[in-house]
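First chain A sits with chain B, and in the next complex the same chain sits with chain C.
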Partner chain A sequence: MNLAPYAVGRDGPFGPAEAAHLLRRAGFGAMPTERAAAVQAGLDATVERLVAPLFAAGAEGDEAARFAALGAGAAPNDELPALQGAWLGRMVHSRAPLAERLALFWHGHFATSIEKVRRGAAMWAQYELFRARGGGRFGELVGAVARDPAMVVWLDSESNEKTHPNENFSRELFELFTLGLSHYDEHDVKEAARCFTGWHLKDGRFWRNERAHDPARKRVLGRDGLQDGDEVIALAVEQPACAEFLGAKLLREFVTDAPSPEAVLEAAAALREERLELAPFLRRLLRSRLFFAAEQRRARIAAPVEWAVGLLRRTGSRVKWSALGRELGEMGQALFAPPNVKGWDGGRAWISSRTLLARGRFAASLAYGDPALGLAVDWDERLGAAAAGDGATLVAVLAERLVDGDLAASSRDELTAFADSADAGRGAERAARIAHLMLSAPEALLQ
Partner chain B sequence: MKANQALRRSTVPAVGSGATRREFLGGGLSALAALPLLPRFGWLDAALGSRRTDRIVVLVDLAGGNDGLNTVVPHADPLYAKARPTLKLAAGDLLPLSPELGLRRELAPLHRRFEAGELAIVQGVGYPRPDRSHFKSIDIWHTAQREPDSAAPGWITRLVEQEPFAAAGRTPLLMCGGGSVPRAIVGAHGPAPQVDRLEALAPAAGPGEGAAARVAALERLAESGGTSGSPLDFLRTTTRAAQRQSAQVARAAERGSVRSDYGRAPIGGSLRLAAQLIAGGLEGNVFYVRQDGYDTHAFQADAHALLLTDLGRALGAFWDDVVAAGAIERVVVLCWSEFGRRVAENGSKGTDHGAAAPLFVLGRDVRGGLHGDAPRLDALVDGDLPHAIDFRRVYAALLAQWFGVAPEPILGAAYAPLPLFGRAG
Partner chain C sequence: MNVPRRRFARCRQVVLRVASAVAVAAALSQFPWSRAGVMPPLARATVAAPDAAPRAEVADLAALLPAEPLLVVEARDLGTLLSTLPTGELRQRLFATPSWKQFRKSPEHAQLLAGATFLELTAGMPIGELLGTLFGQQLVAAVVPASGDGAQPELLLAVRAADADRVAQVLTVARAAVTAKRDAADGSRIENVGSDEAVVLQGKLWVGAVGRDLFAASSAGRFAQLMLRARGGAAKTVAPLLADARADASAGALLTAAIDLRRIAAALPGGLQLPEGKLDAGRALLVGDLIGAVRRADVARFELGRGERSLRLSLALPHDPAEPLPAHYRCFAHADAGQQPLPLLLPREALLVLTMRRDWAAFWADHGELCDPSAEPAFVEAKTNFGVLFGGRSLPDELLPALDQPFLFVLTRQEWEGVTPPSIRYPAGALIWRTRPGQAAIVADFESAVLGAIALGNFGAAEEQKRTTPYRLALEEHRGTRIVAGVVAADQFAAADLMHQNLEPCFAQVGDWLIAASSRRLLRELIDELGARAAAPQTALHAPVGTLTSVELFAAAGARLAEEDRAALVQNAVLNEGKEPARAEFETGVLIDLLRELDRAKLSTRVDGAAFHVELEVALAARAEPAPRAAGAGQ
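The block that comes next holds the complex of A and B.
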């Protein structure tokens, strides 16, 4: 019953805390005013507003166009910073944050890196594919990704030929994209690779090179007679293991780092009912009992991109977009350059001493301002009279804005005492110091 | 009693473990199998004496699956040239290890150590039922479990989380270099610290007076509390550890200096950091570094040569700096990859995922030379080289002979240590 609808009233309220949870997980977090508006609109309308853009991808406002131009117009020698900045800019300004969130999920799922692809335009086109079709049928998305030029380069499909099949794509198709380990064997990898022979590029576009294709009938995943890659994809996607694999991964992305086996089975069943179409599945997931269960709140470690984008949205800080991607790399999530084809492990793997220190530096840069990153927050303007209030007032107002009011009691006490001490300084400087310390509290990394 | 004498008694059968009797008989240890069986515990502590907290291992992870066959090359075998029509290397491309085997010229700094008897090349290393998934195979190597469950800790963390390695004020395990945190260094209490740039070690305190007060507040905010094992508890524990250990690392870095040329590749930067911290007297035992890029499915020749050049230069520079620091007697290097590559090259002038491969152990106290048998290209299994030596026998040797601890509790089963350390004995 994990995925049964959360009944407002019987199962609990849909108040500011629930709205904040929903907007953190399905977007990048919200200002207090947005939270209040969501409560006013109610759970159904809020989920609908988040999910609707997934059914009509591309219906995005001017901001998206602005940042698309930034991505496409990047100079060759600084392609990666420009690409990263363009996507991050979209995330911060998007009115369809779930579409960006889902694109980020797919980027981690079909993890492709510019380090090998070398063509920024192809990387950007792959991201646009995730964003435009991420809410659609999974099988269609896999088919599109298998033809995506960046992927073709990334997993060596270009050199997959009848005379010498290259297994790189077919192996990852089963292991990382559709089924997971132990649902296929080496024979399947080899035979599937033959099915994808000739899936090449010509002038940078997908091209079926019939001369390189092996038209023989192959046996894959226990079925005889397969000829072409599309048949392999269709067969993989209809395996029971696929819905479970994908369901578990979506639960980890949106609900919990450690989904229970029952929850995975339910998610798989729901995915099958929706014929592996993501948008309706997410609509169910985001208004489920499991999603709103108390133990899921603030129980997931925010990915660096989610965390930093959320802070930029919450503070309205100016930022030098092309400098931002590198900072996120230090935190462990360089967009367009995942560590390997498995993507980012996520969860606790986000955390090391190195990445924690990098997050601390970003928190300080945001709070105090940083010319190199173009960061600047006018705390006086943001906080008004509260900036000069007593410690408890300042901490409460900042907490509402930065962490949806969620602070451990011990942290609240510590910050209040600090704000009331001589060490805090005065005015905007004091507000910046409290903001810095607050964002450096361990719980501020939880989502 | 000397370490290798203890080793000679270590023919304990692996009850219920992944190791088979055949593995104990491999690697030139067959005579030992005739020795009487001994009790599983007790003898080790008595035999090995004290735990060597002064000693260091640098773990060098060649990520992606290094092509072992084109690293330690059986150039004299006609089957080799046949399997590698475009990638084959001739004797002239190689530095001699034996009449049949040559080491890549790019690894000349390692070859010098081989000639000095300070490099062990262990051949045919792998594990039963080889898995060709990078990620599964990495998990297997990093946990030392054939079927690791999701909670299995990094094998080396089970060494450094025990006393006296884990004593207060020490940094027993440290990753040098950027990138994701490998499973090998994630223990029961979270990940070991990681450093890639020394200038990034100081906590961000912000501008203006009173930085010390803010740093103190940052530390108090991370004081533990909350439900044990919860995400918040995890974050607090790791934050606090990061604060403490970063300070220890920064102090060691200030004291230590290096001067060799490590090249510009990331592996050079990582090994330079390790050398500097060793020179600076960091109280630690395990440094983990990683070199990415060995997944050479296509157009392997140039990429592989470049990787090995970077590796050879970095290891040579590291060796020189550690010698200059007077620490070389305390340091060994273990260099491995999650699998080798398919014997036959593919149609893309590359190689696909394979199985067994050679690994390197480097150090003054190492019993240099070739260990195990050269790969037999006429006895492939599914196109791959089968393993003759379980990698956990190398781990066991490191634990027993180098660190003086009983391997079995750490590895979860008894693996006969290979005779790799204790040169004098």
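The block that comes next holds the complex of A and C.
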């Protein structure tokens, strides 16, 4: 029973390690004080604190809200770096990190790129749609996305007319959004496309063009009499395969890069019980035995955005947000510009020689400071007396802050020996060197 | 602010000052001379001047300087001006700005207040008085060649204060500060130089006084020389470098300076390194002749003057009229500058007006000598692109030779009557050229080019599947002048993207003037203005005779535009510069407040028969622009 609740005490503790794991996966990581507070509050309260803001307005906090306003203001300018910067700033400052993680998940799931859409306002509106409705019913979310102007442009819905249907959206609806590669055939794609004819835009807003719509009754996924796109969406979402498809994706996002078939089935069942509503499902998932299983800890390669945002939250460094967006593109994850309709593959695909170099450069920039990126960490201020302390103290404090204390014993010993040597330098310079080495270690890439 | 709050604010100030005084007293109690019972500088008791022997004062401090300085600076009555700064109009206006009121709530303000109070207590006089003393009634400074075995040029400074007591007080404070650092490794000490006592600051500056004259030098030898002359050594005359600068100075100049360029060039191992031939095209076009002028000038003279609410900084580079600039500077048309003054246009809500005189064809021909070689690709690209746009016409051989020397560029704040303004408001701009006689045919080329550019823009957007409202061609007449424009239809304006909302490429010809603008409204205004000039040339605006380049910024319109775009400015500071939102908002507020306090700034170059001049003038607004109401601003 993978999704059975994790019973604190019987199944294991809810201590600093468990709290760190939860806050990493359901957010972007946390400072030592936040982990301690989570332990103090307990598992249920912490999960509730993570999930509740999915529906609460204003829960993200003033600083994050400021970045939201900046993004909305920057959107008409169609400048990708500004949009990226605003979202990243919001992530770093948000007191509702799960809402941002979920928005990021949906952004990859319903992958839409500004490269084709060309309208910053449309892209920002789509992101806000994911934030607002990402924790709700999946079917309703799909319906909203189908009407989203950015999606209409992205999948050429505007050229889908009864005289010449365009199958782009209907194909991706089944293959990428709801069912996966099987569980439908070409006939279903064609017929579904006819249902979505006339789903156009007018003055940048969704518009049902009745003149272009094919009102005839069609047969899709074995059901007769469908006329409209909403019916197709409802039908697709109620397919058993949808829950399995979605469940597998959510497990890959929050639990493990390679979920077992049993875990997928359990997740699917849980989703159906919750009527494909994300918030209650996540509540169950984040409190499950599967989630806290030992083999899931530090077993998932952190996506570039999660990794970089997490580091910025932990170090409190300033940054030129627009430039950060570009750096993340070098690492393989450019917000608002996924590489194709499938979004980002994730997992091992995050790691290549090029992207690893980019992560290494960013780690160095963060540790030593980088005027081009506006990065500057005052290690003396952040670490206090530990910056001048012995090697073991310095390494321990940095490890707690940067990697939640998860450092292999051998790595810890080597770093301590180096920190005590003359080569390491002194004070803030020494702290920067140790931080750089720690962030460059393989462990730092794993969530 | 209500009465109880005022009282609280005053009490808080008093508490701060008392606390600072206590802190100072506690600090001063650590000074050894204080323990020895010497009176601290807090008391304004009479302190005997170092030189008690009566002597005749030198009439002109400048006569004490060596005869051949490399650089000399003289300020007259600057101390009087500076002494009024802490209490004058400028301070009042600063304190009335919203930014200052916000700054007053910050910890930095408390630190500043404490620091200022400490300084006043230490010096024993208010800051205004301290500034007045340090800058005095006359201040002269010079950089002279190295003496003895020294390799570095040396600095000399002489200040005449209002009275000897103030000078003695300043010296006493300096002496006390140095004495407190008795074992300091930075070289600060008291030293006897000849018969005089010098306070040596960080081993770099020797300071002493004779009567009400304060002297400083960067070596013991120069210090001794100054003191000896001050005490009535052999009479000297004012250095010719300064005497000539004084003769050329305007009446009431605050500060006069002169640099001996020839001697400096001779003293430097590689001569005077100037970036001639190393500029990009833009800089070369704007300031290339300044470098040529520096190269052929023997001296450079600076002057700082003031008007009722303005400051003016001037640079004059005298030259031998018989020694013209090299041939490759012909594009700057110095020879023509005195014949016909440059026109000035001043549309409503002007932000910037640039007028200049350039021979465009000559600049292209000589750009190899004026610009860095890395600028060459830009010229090649321009030739190709303009060739495409102008239907195969050659930019350097056909288009540029058709253009006369006067050229203007204006930027204005846009007003949005009848439409919802865009979320970010750009200024409108216009380029204005005059054609040479007999070049009317080029007008058709420009019209075609503008139409082509509009069509190219639409086509390019469609090709990239960019979903943007296309420009449609608009032809209209304004006061008999045909306007060719690309416009967004009124009913599509709201749906258009930001660039299209802000930009309407348009073109018109008025007499022998060509105007390419980004807004029809601006174009119509310029048509009106050029028409009025033609109808009544005697009342038309012109730059002063001899002007080569003039750029003027108008702050009031700038303040209004910055207020409208406040959110965008903050957004840029946060997202692109990484500033904290609160800091970005504060700094944007400071910028807007600054613009409201200013009237204009103007930078110009001109020639007369004897010199090349550069002038910068900054003027304050007569009355601060009131802050607009919050509703509608920055939307």
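By our rule, the second predicted complex is superposed on the first by the 438 of 447 C-alpha atoms of A that agree within 3 Å, B and C clash if a C-alpha of one lies under 4 Å from a C-alpha of the other, contacts with A are read in each partner's own complex, and residues count from 1 in each chain.
Here is the rule we use: contacts are C-beta pairs under 8 Å (C-beta built on N, C-alpha and C of every residue); 3 or more make two chains touch, one makes a residue touch a chain.
The structure presented is a predicted model; accordingly, all values stated were derived computationally and were not measured.
Q: After the chain A overlay, clash or fit between chain B and chain C?
A: Because the two structures are overlaid on the shared chain, the partners are seen to fit without clashing.
Q: Once the shared chain is lined up, is A:A279 touching chain B (first), chain C (second), both, or neither of them?
A: neither
Q: Quick check on the superposed pair: does A:G204 touch chain B, chain C, both, or neither? Answer first, second, both or neither.
A: A:G204 sits against chain C, while chain B stays out of touch.
Q: Give one of first, second, both or neither to describe whether A:G374 is in contact with chain B, with chain C, with both, or with none.
A: After superposing on A, A:G374 lies in contact with chain C but is clear of chain B.
Q: Could you say whether A:A82 touches chain B, chain C, both of them, or neither, answering first, second, both or neither?
A: It touches chain C, and chain B stays clear.
Q: Using the superposition on chain A described above, determine whether A:A363 touches chain B (first), chain C (second), both, or neither.
A: After superposing on A, A:A363 lies in contact with chain B but is clear of chain C.
Q: Tell me the angle subtended at the Cα centre of chain A by the Cα centres of chain B and chain C, rounded to the nearest 10 °.
A: For this superposition the angle at chain A equals 90 degrees.
Q: Of chain B and chain C, which one contacts the greater number of residues in chain A?
A: B
Q: Quick one: classify A:A408 as touching chain B (first), chain C (second), both or neither.
A: first
Q: Quick one: is A:L104 in contact with chain B, with chain C, with both, or with neither? Answer first, second, both or neither.
A: Neither partner.
Q: Just checking: does A:L446 make contact with chain B only, chain C only, both, or neither of them? Give me first, second, both or neither.
A: Touch status of A:L446: first partner only.
Q: State whether A:A267 touches chain B only (first), chain C only (second), both chains, or neither.
A: neither
Q: After superposing the two complexes, find the smallest distance in angstrom between C-alpha atoms of chain B and C-alpha atoms of chain C.
A: 6
Q: Share the list of chain A residues that count as touching for chain B in one structure and for chain C in the other.
A: Dual-contact residues (chain A): none.
Q: Which of the residues in chain C end up touching chain A in this complex?
A: Where chain C meets chain A, its residues are 422-424, 464-468, 494-495, 497-498, 567-568, 570-571, 574-581.
Q: List the residues on chain B that touch chain A in their complex, please.
A: Interface residues on the chain B side: 63-64, 132-136, 175, 178-181, 186, 190-191, 193-196, 200-201, 203-208, 210, 213-214, 217-218, 220-223, 225-226, 230-232, 234-236, 238-239, 241-242, 245-246, 292, 295, 297-298, 346-348, 350, 352-353, 382.
Q: In the complex, go through chain A and note every residue touching chain C.
A: Touch residues, chain A against chain C: 63, 66-67, 70, 73-74, 76-78, 81-82, 85-86, 89, 116-119, 153, 203-204, 318-323, 373-374.
Q: Which of the residues in chain A end up touching chain B in this complex?
A: Result: residues 156, 159-161, 163-168, 171, 175, 181, 186, 189, 257, 298-301, 330, 332, 339-342, 344-345, 348-349, 351-358, 360-361, 363-365, 367-368, 408, 410-411, 414-415, 418, 421, 423, 425, 429, 432-433, 436-437, 440-443, 445-446 of chain A touch chain B.
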